[in-house]
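Consider the two complexes below, in which subunit A is the common component and subunit B and subunit C are the respective partners.
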Partner chain A sequence: MDFVAITSCPAGLAHTPMAAKALEKAADELGLKAKVEQQGSMGLKNEITPEEAQSAKFLIIGSDQKIEKMDRFKGIPTVRVDINTCIKKPKAVIDKVSKAVAAREAAK
Partner chain B sequence: MRKLLAEWKGYLMSGISYMLPVVIGGSLVVAVPKIIGLIFGITDYTPYKSGFWFYMNEIENVGWIGIGLICLVLGGYIAYAIGDKAGLAAGFIGGQLAANTNMGFLGALVAGFLAGYTARWCKNHIHVGEKYESIMPLVIVPLISTMVVAIVLGVLLKGPLTWINVSLVAWIKGMSTSNVSTVTLALIMGAMIGTDLGGPVNKAAWMAGNVLLAEKIYMPAMIANVAIAGIPLGYAVATTLFKNRFSPEFLDTGRSDWFMGFVGITEGAIPFTLVNPLKLTPINMIAGAAGSASAVALGATAHIPPVGGIYGFISLQNGWAYLVGLAVCALVIGILAPLAVDFRDTKSEDDTTSAEEDDIKLDFQN
Partner chain C sequence: MTDIFDRHYIFLNEDFKNREEAFAFIAKKAVALGFADDETAVKAALDHREAEASTGLQDSIAIPHAITKAIKQPAVLFVRSAHGIPGWETMDDQAVTQIIAMLVPEGSSEQHLQTLSDFSAALIEEKERQALAASKTPDEVYAVLTGQKQN
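Let's look at the complex of A and B:
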């Protein structure tokens, strides 16, 4: 798994699936293996398992909301990004996050 | 500082997102028996002590219980957003304290933040031996966080918060009962909803409307609902009236916008607006303002928390005026948008991996 992502918006109706689809499509086009979970109004959709979470290089949270079950991602670099940016420029988001994570790992 | 404000906004939004289904469930269960009664010309169920109308009254009362939970749920889930499960208990208690006193939604907000931060602080700063770990969630966190809420909110802040809340509510109530200022309010809020379709300005108007529900002030939420449902409906109408101005993909999006408008999701208008935000944003704003203002001017009012979407009219007095407002909003967009912008061949937005990466703000959590 190259990365995992979670999207969530206040109503959990429109932005959540829009951002999730945008990220999935972008990951596909970039040739990355990714799983995007939606935390919408009806609970968790496409839930990331703890194993998948731990195998990921990083986690993108497209939300300013409370995210459920964060304990799955212990030790995984986690980055919050504005959900609208995920919809508009998913590729740029993924690219920038992966570079930032790599830079941080290198600095350690 | 800006980061802190953004965090607070996130907590508040989380609280509201948990509160909304409670409000909607409660309001609809109040509205349905009321409507059935009105069809038969009954406006008051209290004289009925048995039979069908008595049961209708019982059902309506259950709905009111839901509406009465607004402060409790808001306070509890703001606390939950901040301090996880540990924050819930004190948040609920503080929220209910606010509901029982005159501190209202302000009290519920303070309760939520207070309970949440206290619970978070306890988790991070109080350490007991591993053997006694279980007393943390069972005794220490609930005791400390609830006690902090009791002392700070129940004693220290009770006077000032009650005063602020009562004055604030009186001021807004004054504004939402005089005709001139409600129409002005509708113009402003309608335009705000149309500004960024789910962005910060839109959500500010939306939050104001929702938070005031806890104060039994229903007008602002109703005003917001007109523009919220009307704007996506506008694009649905546009794709129906001017089929030849849209690409097949947009005709498809337009069809799903009927649904978006029906349930009241402004975000449905985003794909269209992105084609030419410079021209379409003003049109959205004008449409939102015109729709909300005409609903209010024609006398739509809410006596129970209003429900969004087209079917929201059943929760209102003069529901027809609400529907007229929706139609005005939808027609302004439905006609102006296709005239102003050609939706036939649109380049998808520039999304290469190197495009303006500096615009993207990252926020490391660990």
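Let's look at the complex of A and C:
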């Protein structure tokens, strides 16, 4: 798994699925294996398993909301981004987070 | 799908000076079409969501939504404004002219929520947004938003 992501918005109805679809599509186009969970009006959709979470290189949280079940991602580099940026520039988000995480790892 | 969105819920000949006017129109139609029983509550719910973060997207599209007890039946209204609506923040600074308004009862079924989700998710496709902008009749708008292919 290259990365996992979670999207969530105030109503959990419109922006959550949009951002999820945008990130999935971008990952596909970039040739990356990813799973995007939606925490929205229907609860957790496409839920990331603890195994998937731990196999990911990083976690993108496209939200300013409180995220449920964060304990799955213990030890996984996590970056929060604006959900609108995920919708508008999903490829740039993935690229930027990927580089930031790599830089963070290199600095260790 | 048909009970949530219909050609009769499409309004292409409006012109709003600001978001207030647009939301007042949507709230009025929500009651007139029998989806809600309280215009003021619908408008307040639209305002409430907008106050959290703008629902303006790209290519002049906005997706305001209201979740309130005053709404009895889930529905999607499509409203087009002849002129861009000033003061409605969008992701690409293009003024809103295409409004996809979602009316959501509290405690909606998962099936209805999924249908509403699909409406917005489809707008990720640039082709979809362009087709929406190019659509001129209620039939065309309906076909684009419901994913039906036009021949």
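By our rule, the second predicted complex is superposed on the first by the 108 of 108 C-alpha atoms of A that agree within 3 Å, B and C clash if a C-alpha of one lies under 4 Å from a C-alpha of the other, contacts with A are read in each partner's own complex, and residues count from 1 in each chain.
To be clear about the criterion, contacts are C-beta pairs under 8 Å (C-beta built on N, C-alpha and C of every residue); 3 or more make two chains touch, one makes a residue touch a chain.
Everything numeric here is computed off the predicted structure, so don't read it as measured data.
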| query | Just from the overlay, do subunit B and subunit C fit on subunit A, or is there a clash? | reply | clash
| Touching A:R104 in the superposition: subunit B (first), subunit C (second), both, neither? | first
| query | After lining up the shared chain so the two structures overlap, which partner does A:L30 touch, if you call subunit B first and subunit C second: first, second, both or neither? | reply | first
| task | For A:P77, decide between first (touching subunit B), second (touching subunit C), both and neither. | result | first
| Does the superposition put A:A53 against subunit B (first), subunit C (second), both, or neither? | neither
| Looking at the overlay, what does A:V93 touch: subunit B (first), subunit C (second), both, or neither? | first
| said: By the touch definition at the top of the document, which applies to A:P17: first (subunit B), second (subunit C), both, or neither? | reply: second
| Which of subunit B and subunit C A:M42 touches, first, second, both or neither | second
| query | Looking at the overlay, does A:V4 come into contact with subunit B only (first), subunit C only (second), both, or neither? | reply | neither
| task | Going by the touch definition up top, name the partner, subunit B or subunit C, that contacts more of subunit A. | result | B
| remark: Dual-contact residues of subunit A (subunit B, subunit C) 9-11, 13-15, 18, 41, 84, 87-88
| request: Sort out for me which residues of subunit A touch subunit B in the complex. | output: 9-15, 18, 26, 30, 41, 61, 63-66, 77-82, 84-85, 87-97, 100, 104
| query | Once bound in the complex, which stretches of subunit A touch subunit C? | reply | 9-11, 13-18, 20-22, 25, 40-42, 84, 87-88
| request: Would you tell me which residues of subunit C are touching subunit A in their complex? | output: 49, 52-53, 55, 57-58, 63, 65, 67, 91-92, 102, 104, 108, 110, 113-114, 116-121, 123-124
| request: Give every residue of subunit B touching subunit A within the complex, in rising order. | output: 6-7, 9-11, 13-14, 16-17, 20-21, 80-81, 198-199, 203, 260, 263, 265, 267-268, 270, 274, 349, 351-357, 359-366
